[in-house]
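What follows is chain A paired twice: with chain B in the first complex and chain C in the second.
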Partner chain A sequence: MNRTANSQTTVTAVPEHTVEIITNSGEGAQKCATIFGQTCAKMGNGVWTVEIIPAEIEPPHHTVTSTSGNIVRFGTEKVTNWGDRSKLAVAFNDQVCLSRHRLDSFDDDCIILHEAMWEKHEDENIRNNYAKAMEEMSSKNYRFIKVPIEEETLKVVDNAQHGKNMFALGLLAEIYQRDLSIIEKQIANIFRHKSAKVTEVNIELVKNGIAWARENLDFQFQIKSVPAKESRVVMNGNQAAALGAVAAGMEMCAMYPITPATSVSHELAAIIENYGGMVHQAEDEIAACGVALGASYGGKVALTVTSGPGMALKTEFLALAIMTEIPLVVLNVQRGGPSTGLPTKVEQSDLLSSLYSQPGDAPRVVIAPRSIEECFHAMVTARRIAETFRCVVIILTDANLASGVQQFTRPKFDVRWQQEPIDFSALPEGLRPYDWDSETGLSRRIVPGTPGGQHTVTGLAHDEESHVSYDPESNERGCKMRSRKLAVFQSTLIPPSVYGDEEGDLLVVGWGSTQGAIEEAVDRARAEGMKISTCQLTFLSPMEPGLKEIFSRFKQVMTVEINYSDTVGDPYITEETRRYGQLAWLLRAQTLVDIDCWTSCPGQPLRPNDIYNSIIDKSERGASK
Partner chain B sequence: MQSEERRVCALDAVRPRIEQFHSALTVTAEQVRGLLAGSGNTKDDQNETLGFFAKGKMNMERFASFTPKAARIQADAEAPVRAAQEVLKSLLAQGDDLFIIKTAEGKGLGHQLSVRLASIGRAFAAARVVDLAKSGAYKEDKHAATLERFPYTMWNSSERALAPALVVEVSGADFKPSAIVPLLDTNMKIVFNVSGDAPAAALSRVISPRVFVQQEIGDAGLEAFTAFKGIAVAAFLPSTAVSFVHDPSAGSTTYERFISVTFPKEVRKRAIGGISPAQQAEDYTLLESLSVPPEIAGDAASDPAGKLSAWLLNQTNLSDLSA
Partner chain C sequence: MSSIAISLLDIEDDASECLVAEDYQTREGKWCAGCGDFGALNAVKRLLAKEQLKPEKMAFVSGIGCSSRFPHYVNAYGFHGIHGRALPIATGLKLARPELDVFVVMGDGDCTSIGAGHWIHATRYNPNLTVLLLDNNIYGLTKNQTSPTTPQGYKSNTSPRGSVLPALNPLQATLGVSNASFVAQTADWVPAHMYATLQAAYQHTGFSFIRILQRCPKFTPDVFQDQIKNPDLTELLVHEDGVDAPGLERLFKARRVHDPKDIDEARSLAQRTDMLRLGIFFRDDSFPVYDEIRSVRPVSPEEKVQGLEREFDRYAV
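Let's look at the complex of A and B:
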């Protein structure tokens, strides 16, 4: 549908924008933003979306704690992170708007389309709270535009709770000239399991939103869309991981529900049986790990999915997997911690616990996808590593990747991803269950039932025969062989690439989901002539080779991470007592290089501008030394 | 809808399930081919098995030096794996025809469906044989025959979940759907394209709480049938039949699940395919009784208290109470 702005409308061309839809929990902001984001992606815009999820399941409505919503950043070029502050917001009430203001989420001249009815509401408390909120927000130069969202919605439906989101979608469609035919298809798809009437009503609401905006708003933004040449898919990181698990030939996913990882199992449960696999929801995290381990022991390709608190509970079974050398892929979708921490929020705080949480020496592989696309492909590689090296592979994603939505090139499935590496030829005479190659630590995996391969497995220290053995030499050899495999695996890794010049004043090192934000911040600094580069690590255990040599080419090295670190100068915090960010801690130990860190744990992804400021700060401090 | 249109509509309705089965069959066949060919030997194979994530991050060749050169099998396992491969190839070669059954008159509907499913089931038998052969557990005398015939009764729950949908062309005289009840499990989907005169309420006997059933006499499509997750049976019937849709997702009580019912003005009273008018009338009555709200019992309606309690019972949904 072609729409033209009326003569009083100012159309401003911009390369990108960040938009927020903020509501009470349960008012459909996610659906509105999902459709809007997917429409942008299908039109050819780069997109990244971030969910705003209240910590409680049913927080009281019309309060600052009830804020639910979604942030959509979209532009002409590829978008790799949620960006900085929002340029436009649609707010269903003053309190959710206030909560975002307090988090400094809005740009100083942000346009805020907000529900008009609260100002003169019959409830005095609501009126007073509204006035106070507007007063507090008046410190900024926001442009508030009152919109009769509920009133307009009630013209179409009886219950505005089930329709305001679609009216808001119509507002955005008009402001950004989105293709209505794509929106209609998205709505039809989302409501495909409901009656045709539901789709019709929702489309009518969108059209009403468009009409209202056309009649009453005097601005539009034009963000050029360039349709992609190749076929693309749009999804969040948990969906990508689930599809990747199927593509990798995973036959069993055993899990126990935990935010923000649960939707991986939802996605898998919907499709995996079509491909001969199954999802098992166990009675708890421990059992889930045990079931996956048992399936893998039996020769199946197994996965268990969890988040930080679940990882803690799986500790013992993961140690058993390492001791018995049973391959296992573990997906840890990180959230804030410790304990139950911040269930719906993002943090990169499980790095060290993923590396070291087992008792004894328990080497394992840890990898961290850097984008939603990599969440898909990492599953294929993780399976192969686990099976080849008879080891545990932990994949660390986080809530940012899990619920963020991005488009990427449609993966071309290759049946060889599912090629099983198990050697089913006759077992050589006298082969022992742990016939470790003394150089590599590798040994042939014997699947139960293989003629001549009968043996018991044990979590106790064992010898090559898999017999319990407590003698010093045997235990030493077992430890050495399990550790050796990691060194052998590391020999297959390539030094990480550096984004920017190969040498310079400052190297920013990150890992996992922060890649997009860090690179954007580094681009800004480089545009100002600063000699800054970045390097985003994907292998955390073992680490990619050549790091020390890369670091040596920069005057300073600093990690950027979403976790906690002390600040020197705070009470009791000195260079000696300071606790570093987890990656910095690891790199300092690994390379003996004096690596600094800038970390933050706000429960939300890092913003490019905050990283940029940390870069400036570090550069200035470094220069003054 | 003309006969040819119905055929196309029926095939479209089951297309997603056919494609799903085909996809699984293709992947299995490719894996077996790889197993026999020693897939994993070439550099290209090794590169691809590691996937896109590893590109630029890992030295594929070096990684390959630590992997078994192929998923090898024991020498005596090769023959059964090759036999399984032939079965998979032959099933794939049949394309859509594998899922379309043109029934022969007088041979029994249930029997002919069972025979076809036993043929389709060879795909599962082939996968089982490969697994058994790999692990050395294959027994010629016990397992070879399953490659010839693997009846539905032997399919496990996962295999039943993968069952492809069927399009069955059958004459009205042979259309006796009660014979297919043993096949209705997990995910089974069947569309009947019935030609000639047929009993008016033929599908009434397959109605049960979790089975989607649609009798279609006009131009309505089968979108709801396709979208339904679970067991579903549909039939295109002559215009003299009852038209109805029984959708388990539409309600908790039987009559609520009938989202549409249209009874013909008159029903022919003659035997069809050995089904007497009385038997047809019974099917018809069964459908009528299932598709209307329960009435207040006569005795209960005779006094005010009885009327009230009957009315209350009628208003209260007790369907979730256990017996």
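Let's look at the complex of A and C:
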């Protein structure tokens, strides 16, 4: 019965596609998508994978809240973000499918390979719910194809729960002509700790999926790939950050579990002891920060990893680190706020609190990696800045980077990325604990164990001797010196590069993880002849130099951010009362340029199309001004 | 240089560097006259001299409060931290630098109120720290507010009609935590006992928790008045594994032989209110010590780079 794609099968060549695998949580969508994504990457496609995570571990099955799954966007070229809506989906039931529909996740003519068993299910309730869901989704032009996923899976395994995902993988493999030998290797690798039988069964399921698709589907999509020249790796941003911490030579990561940051510590806990380090799970985020600070005081450059609510708890300790000038790296994997907010979902709303959450003046460095690759390198950079400037460095990533999976050029490690051994050499005669260089504010870090260096560091105002001092002069001097270090650091930075022409009608400014989506939107607008460029900031405190000059070359400047801002025209909201997006707020203060913003906080990464629409809207408003 | 020459030099060094108690103090303590913190500082200085600890090889970590000024007056590395949070800092320091002797000094508000969570958990982690709770039953620095250890009925600025709750008993609380390995109580008006208790705490490997009862001359001058006037209201816990000091037997008639290994008796004694008890309530050297069980082999930068290549192989496309 097997037949290869023949004249009845339409093969459509496309530059890229976005595919969803949507299941109840616990049905293995993750494995299916990981293998599919890896296979695409290995075949030379650009890939971006995102998880759809329910807030609970395993909520009641077959409900809209049980939706778990993955989105894989892959194409001929590099893929830098999750893109717009999905072109094809595999759905294990009508309710999880409905939840994605309600989130407007599917393209209007999305192809949905839907489990066939529910429509005529013996349970009337299930049948009714199915019918209602289909009715609701009929507003769109989706093409539903019913696939007996469970029935086919049961031909190979007794429990379809553990198997449907591989059958689904087979469907996708056939539709996108994926290389079966690569899939087989991936499966063998994933199940390497289980018996050979497990691998065999899973491969059989994939093959059955392929055969079913061949037999029953009349379409395929072709996405060309160009094998990469240099060697590459594929991982998510949290894995990249964890490996970056090791590459930076960090030996202490103190943390308290919090989504979506925790998996950084999972990755680290698995390996860091082989690198002379440890993960300390503290009793709370305050303690985690304190343990990290204590370790840094002892000569390390320690790391603490957290997300919004944990960040709030660490504030007092961060001020102490800043006041005592003890290096510390803080990774904040942002999620939606305020309070417990959106635990598993993305937002860029901790920018201002990262800069200003401490009482008093507490200068620190804040950087935001723009890609998964930068999550790795940011750790190395942060460690070095923290040590050189005896300061706190906060790295702002987010749930988008944390769980997005993308390939990047394999780094070439350098031993100089790591911390130098502690300098225990005798201190020059008369050296004081805070012998601030009056130009730079820098002073030598004296670590316990250094003979003759005994002194007590304190969070109280202090003089060069580290003696508590409340006199006006020494307080002003301390503030000045701690701030000066930031200016010195800023002098080492270069202006950010502009993507697109150096001048034009509109400059879109973003920060951190939105780079890929913004650039894609800008490309689209430029292709239509619009004079639009973008600039993605990575240093937020201090900011890269030259911003004002860059802004002056554009008629309008607008930030795009995943956070809240008021919309003029809403009740009570005027130009005067309007609260801006957080980067816009900062840039307005920094440059005195009338910078607008378009922000959105849907709990998902921004879509290029939404950004594009905001650009069009801004251009039209600008033109009518 | 031969190893013999090195060891000779070491001896010479040591001989030339015999430090006395005064060498361990940097400057006069700025506490009120009659403050119990002076007594603790004296006992600590004596201990450091007795043990001949190298000033650069120790660190004193504290929180915020009158008592937390302590590190400023000791010739050692010091970390005067934030209110309630000395223990996480000390734990981190000890994990990073296990070879250092790390002491922690906290007030009663510091440790048993704002820092209570860290106190419970540090007790359980059981890092090798010598921990002094300077318990004057009041918030001193902020001027006379009720602390968890303020006796019920005792008046303060925040409880002008007297503290409404029974005082928290830090010994009982500490002894209730799994993996607690050393719990002792001493008092500022018995310096010989305090010194002996400190020595035992220092020698114990693990989280050595000493509650030092003391008076605040401004706000709680009379809290221990009865016991000070009448030594018969105090019972000394003695044992060959406990602490004793010359002269104490003449002062305190009531003596109880208590084996510090006996956790049940320790707990029962800690909760009794019939007498004030000084001595080691509990000590067990066999419990897991956090910085020991978490110690890791140092790895060279080159080795790290090689290892990283293997990690990245896992993610290779």
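By our rule, the second predicted complex is superposed on the first by the 614 of 625 C-alpha atoms of A that agree within 3 Å, B and C clash if a C-alpha of one lies under 4 Å from a C-alpha of the other, contacts with A are read in each partner's own complex, and residues count from 1 in each chain.
Simple rule for what comes next: a residue touches a chain if its C-beta (ideal position, glycine included) is under 8 Å from a C-beta of that chain, and two chains touch if they have at least 3 such contacts.
Note that the structure is predicted; figures quoted are calculated from it, not measured.
By the touch criterion stated above, A:G622 is placed in contact with neither chain B nor chain C. Looking at the shared chain after the overlay, A:V415 reaches both chain B and chain C.
Of the two partner chains placed by the overlay, chain B and chain C both lie in contact with A:T450.
When both complexes are overlaid on chain A, the residue A:G341 reaches neither chain B nor chain C.
Within the superposed three-chain model, A:H193 lies in touch with chain B and out of touch with chain C [touch as defined at top]. By the touch criterion stated above, A:G603 is placed in contact with neither chain B nor chain C. When both complexes are overlaid on chain A, the residue A:P148 reaches neither chain B nor chain C. Of the two partner chains, neither chain B nor chain C is touched by A:P257. Contact comparison for chain A: of chain B and chain C, C touches the greater number of residues. Contacts of A:A287 after superposition: chain C is touched, whereas chain B is not reached. When both complexes are aligned on chain A by C-alpha atoms, chain A residues 273-276, 278, 299, 411, 414-415, 418, 449-451 touch chain B in the first and chain C in the second. Chain contact summary for the complex, chain B toward chain A: residues 20, 23-24, 27, 30-31, 34, 39-40, 45, 48-54, 56-59, 62-63, 66-68, 71-75, 77, 127, 134-137, 158, 161-162, 227. Residues 192-193, 248, 273-276, 278, 299, 369, 374, 377-378, 380-381, 384, 388-389, 411, 414-426, 440, 442, 447, 449-451, 488, 491-494, 496-497, 538-539, 544 of chain A touch chain B in their complex.
Interface residues of chain C, counted against chain A in their complex, comprise 26, 55-61, 64, 71-72, 74-82, 85, 87-97, 99-100, 117-118, 120-121, 294, 296-299, 301-302, 304-305, 307-309, 311-312, 315-317.
Within the complex, the chain A residues that touch chain C are 38, 41-42, 228, 231-235, 239, 243, 246-247, 249, 251-252, 254, 271, 273-278, 280, 282-284, 286-300, 302, 316-317, 320, 324, 407, 410-411, 413-415, 418, 448-460, 467-468.
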